[in-house]
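Take this structure, written in structure tokens, and hold onto it; I'll ask about it next.
A, B, C and D label the chains in the order they appear, each numbered from 1.
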């Protein structure tokens, strides 16, 4: 049992389609989000067990990943298990792109892979939230979910996965990074809280009908609400470029610095429009990259 | 691109928790089910590509798996791709335990693995239904879903995965096998159709609260309705044994021959009860095996 | 499966609104409970070719079933003839007429069976004379109880597992149907029917009835007696008092059958605090502003304003005289079984 | 975030029931639309310490807002004082009293501002004399429009993307609030307000009003004029005719403000067949059985039974005399902008 290695992979994201405060059963308000996963962004974890001696991690900065591995062993593994955890990730740090959650999830998966067990998704999410205090919804690929990222609870599962979206990723403040955990959660006012209600219903409808244009409306509205808390320099200008090139909306990292200009991946003209928008954005001095679904 | 091999794994199931006819949007009636996945039952597929020459499958009886691989290549792969598909499965055939769906899903995954792409769950399910005319819901692990198995559509996604259930698996007619595709779908009457409404709402509630006892009620009711179409010899006797040993319910393969006596996997007394029930069932001449979650 | 016919334009009005009335007591307050069985019966009649496009629906009703039919007839293009009697509220009468229903009011009782029978006699004349006419016959149509799967679904969605269902019994459809569906999942469900003295539904000798919607002088085929664990009978003054209590204490302005059910449910829930109880409130109070909700009218009611019984008296047989609130342990028996035992004692 | 106060016992009654009225026209039929803003205002007042346990709520209302407050007060233990006038339906009056509300009827108009002002004067006396009293003030309380996010949510859930919202304007809360929330997602939403001649809400010179719930002689702070693309004014006879049409053709028994909105929505929808329209129906017809739904009363209404305009006349300014159905392209402007332009022309 103590031989061998376990592997795990988890993806990063490009911020959120929606993030806000939503009523759960019993009118309880919960912070929740829908992450926009990016499969180009990956964290890979390798776990090699040893007999005792605690868990060491490389790079040493991935302390939450180490903690996640420890928690996974404490919950499922043989007592006294130690080991070496190696993380290899291409997800930018401090941009609100889920580097930390991806490291944590990949590490949990690596330990589970080594243990050869496959617990339910809610157990995995509970460990991730314990390790990190909050966790994105990137794990949920089969159905899109509205995920209470601080409670580790699915508030609502939608009927379908997210429809395919191409993105132009814009780094609005290349010189600034944000520590997600240090960042103080938004204090939404009553108007904002009530606005999340129609956002949620359009989100539900849009996913059910794979209507990316309506999804773009939801993302744009959420990005706008977030401006009061973590404004993105140049957002108006990005939106204006988008409207010239038939973008379906903008979305942001609600606790990060990136902005995404969204395009319908199933639209025949998407490539041409994306190239046009890229030129226009670069011309305006934005640092932009294309993320295809 | 044409080098290398792709691997895929899919699990079988022990019949369904529920199967029936349910109203969708616009009051459209759809046949749908919730499979009860069994991770001990697995089909593993290996795909090795070749340049042209069609797709060959081993064992040759797995024709639907071959067709699934073809459809996957037609949808995602380079034109003209051929190859060898090998299936290795421990799922009993003709028992309503999803051997065929598992072969199909494993084969699709193997081709996708070789292509290094990861399409959305709804695309995978569409291919599976095309290959097989119907497909179980075993793919959906993160959230339990009510799945329209002939349309390949998720009718409803629930907030949580299925709670852990231990099973005593009983083969009611060892000498009989059933060809799922040849088996004529149940013609439910109005009372049965209306009964699926409260079943569905208790299913939703039970999954949301991880209430296995209520889930047992739902499964038992569905098994009872199915008696008019594909009766399971000895069902009453199995249920009586169950009630003596605190089973939470019975479930059946609605188009197969197996019956499951369900136990709460989180109940401390489950093991003792399962052993007691096993003895009682064997004493009554049943062919029974334990499937732990 | 035959063609799935849809008459769902008013579907949003079919389900109840759930209101917590106590720690474990929930009221299911309907806009018009009969809308669901009426729609279901019509859909099924069309599916089975018993009702054709533009056909004529004929029914005997002085209450909510007639209104439900009228609302559906106007949506889906049917002619509607309703046979009614003096109990028809004048505002409701006006509404039915504006909805295009042809309303006939019968005022002399039949030699046997009273007004209810006289209305049926008139109804049968229409059915005989109008070709292609269709009679929903809510009292005996099996599709009436069959339609309540949707209500069972709704109740489970809102309160989860139920231990007890309480409701008034008129046609028998709602209580028999809903209990049956709920018992598929909760076999131990305790079902309590609420009736009134002088109603033959649960074995009382036939007498004059002063409560529309509760009990009757003819036994409907849709009362499935073996679904009931317990039956209560309330006298009119008690029913009206409870109706006002429901309004005063919970803000729910409902008809008298709701009041009757509320009194019984509140009592049972108080005595079984660990059980989850749902009580059915079939219609709103508007039809009763000139009767139940009018103090002058109430002053003419026998036994008003009381004193009233605070608890039911348990009777030995449903055939006993019942001056006021009485209860009997029905024990899921048939009417014959209960009456046979009552006769032996 | 402050404490999240819950007063949700009647929450099931807050949302509308959706009814298809045409290919792309949906009616949102409310039990009592004011229940949602009333609950929301009270919750917020408790959160912010403006309403304390057992406190006294004082409000001026002769209609549904008063009923909503009374239903909530009885649920959650508040004393309620309502100042009303002759327009209070007697059955509603009786209901309010049974719910424990203390109802004061003002019958002499103030020298300026008429009855509406006289009621406000009386209200202010109560607020001054009763310590710990709280005035919801639905006409100016920002929490009124704020509460309609839930309605926007509900409409999107049921019909998806909306192109046009039509509704009567009284306090301004429902149309201003719902439009605002919907525009967060559908900025191009076409919002149509329905008013009546003689109401100052959209610039008519103040005149005698014969329609409760539609328009007013005092301009509420909650009418956010810049939310409206188009405004219609209907005379009483037109409103009542439309109310009967809504009942006759769709089985919906609603109050006159619903009828007014229906006429406008039906016309706009007919002229924009590719647009999805939702029309708000704020309350049911029961309060009007002795007026709008009574033919004898109707015979006393000026201009009844017609002839009536089949289409609106487009006016050049909202200040023009309007003998009958009129419309004006408001263009999301403020009242000042519109009146300034009207003055220049």
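To be clear about the criterion, a residue touches a chain if its C-beta (ideal position, glycine included) is under 8 Å from a C-beta of that chain, and two chains touch if they have at least 3 such contacts.
Worth saying up front: this structure is predicted, and the values here are computed from it rather than measured.
S.K.: Which chain lies the greatest distance away from chain D when centres are computed from Cα atoms alone?
M.R.: B
S.K.: Counting only Cα atoms for the centres, state how far chain A is from chain C in Å.
M.R.: About 54 Å separates the centre of chain A from that of chain C.
S.K.: Could you please state the distance in Å, as a whole number, between where the Cα atoms of chain A are centred and where those of chain D are centred?
M.R.: Result: the chain centres lie 43 Å from each other.
S.K.: Could you grab the centroid distance between chain A and chain B? Build each centroid from C-alpha atoms only and quote it in angstrom.
M.R.: 31
S.K.: Using mean C-alpha positions as chain centres, tell me how far chain C is from chain D in Å, no decimals.
M.R.: 35
S.K.: Listing for chain D: what residues touch at least two other chains?
M.R.: Expected reply: no residues.
S.K.: Could you list the positions in chain B whose residues touch two or more of the other chains?
M.R.: Not one residue of chain B touches more than one other chain, so the list is empty.
S.K.: When you draw the chains as points and link the ones that touch, which shape shows up: line, ring, star, complete, or other?
M.R.: Its topology is that of a ring.
S.K.: Between which chains does touch occur?
M.R.: In this structure, the chains touch in these pairs: A-B, A-D, B-C, C-D.
S.K.: Can you name the residues of chain C that touch chain B in the complex?
M.R.: 1, 4, 6, 8, 44, 143, 146-150, 152-154, 156-157, 160-161, 181-182, 184-186
S.K.: Could you pull out which chain A residues touch chain D in their complex?
M.R.: Residue positions touching the partner: 21, 26-29, 187-188, 190-191, 193-202, 204-205, 209, 214, 217-218, 221, 224.
S.K.: Considering only the defined contacts, which chain B positions touch chain A in the complex?
M.R.: 39, 118, 120-122, 139-143, 145, 154-162, 164
S.K.: With touch defined as at the start, can you tell me which chain D residues reach chain C in the complex?
M.R.: Touch residues, chain D against chain C: 9-10, 12-13, 17-20, 29, 31, 70-72, 74-75, 91, 94-95, 98-100, 244, 247-251, 253, 286, 289, 293.
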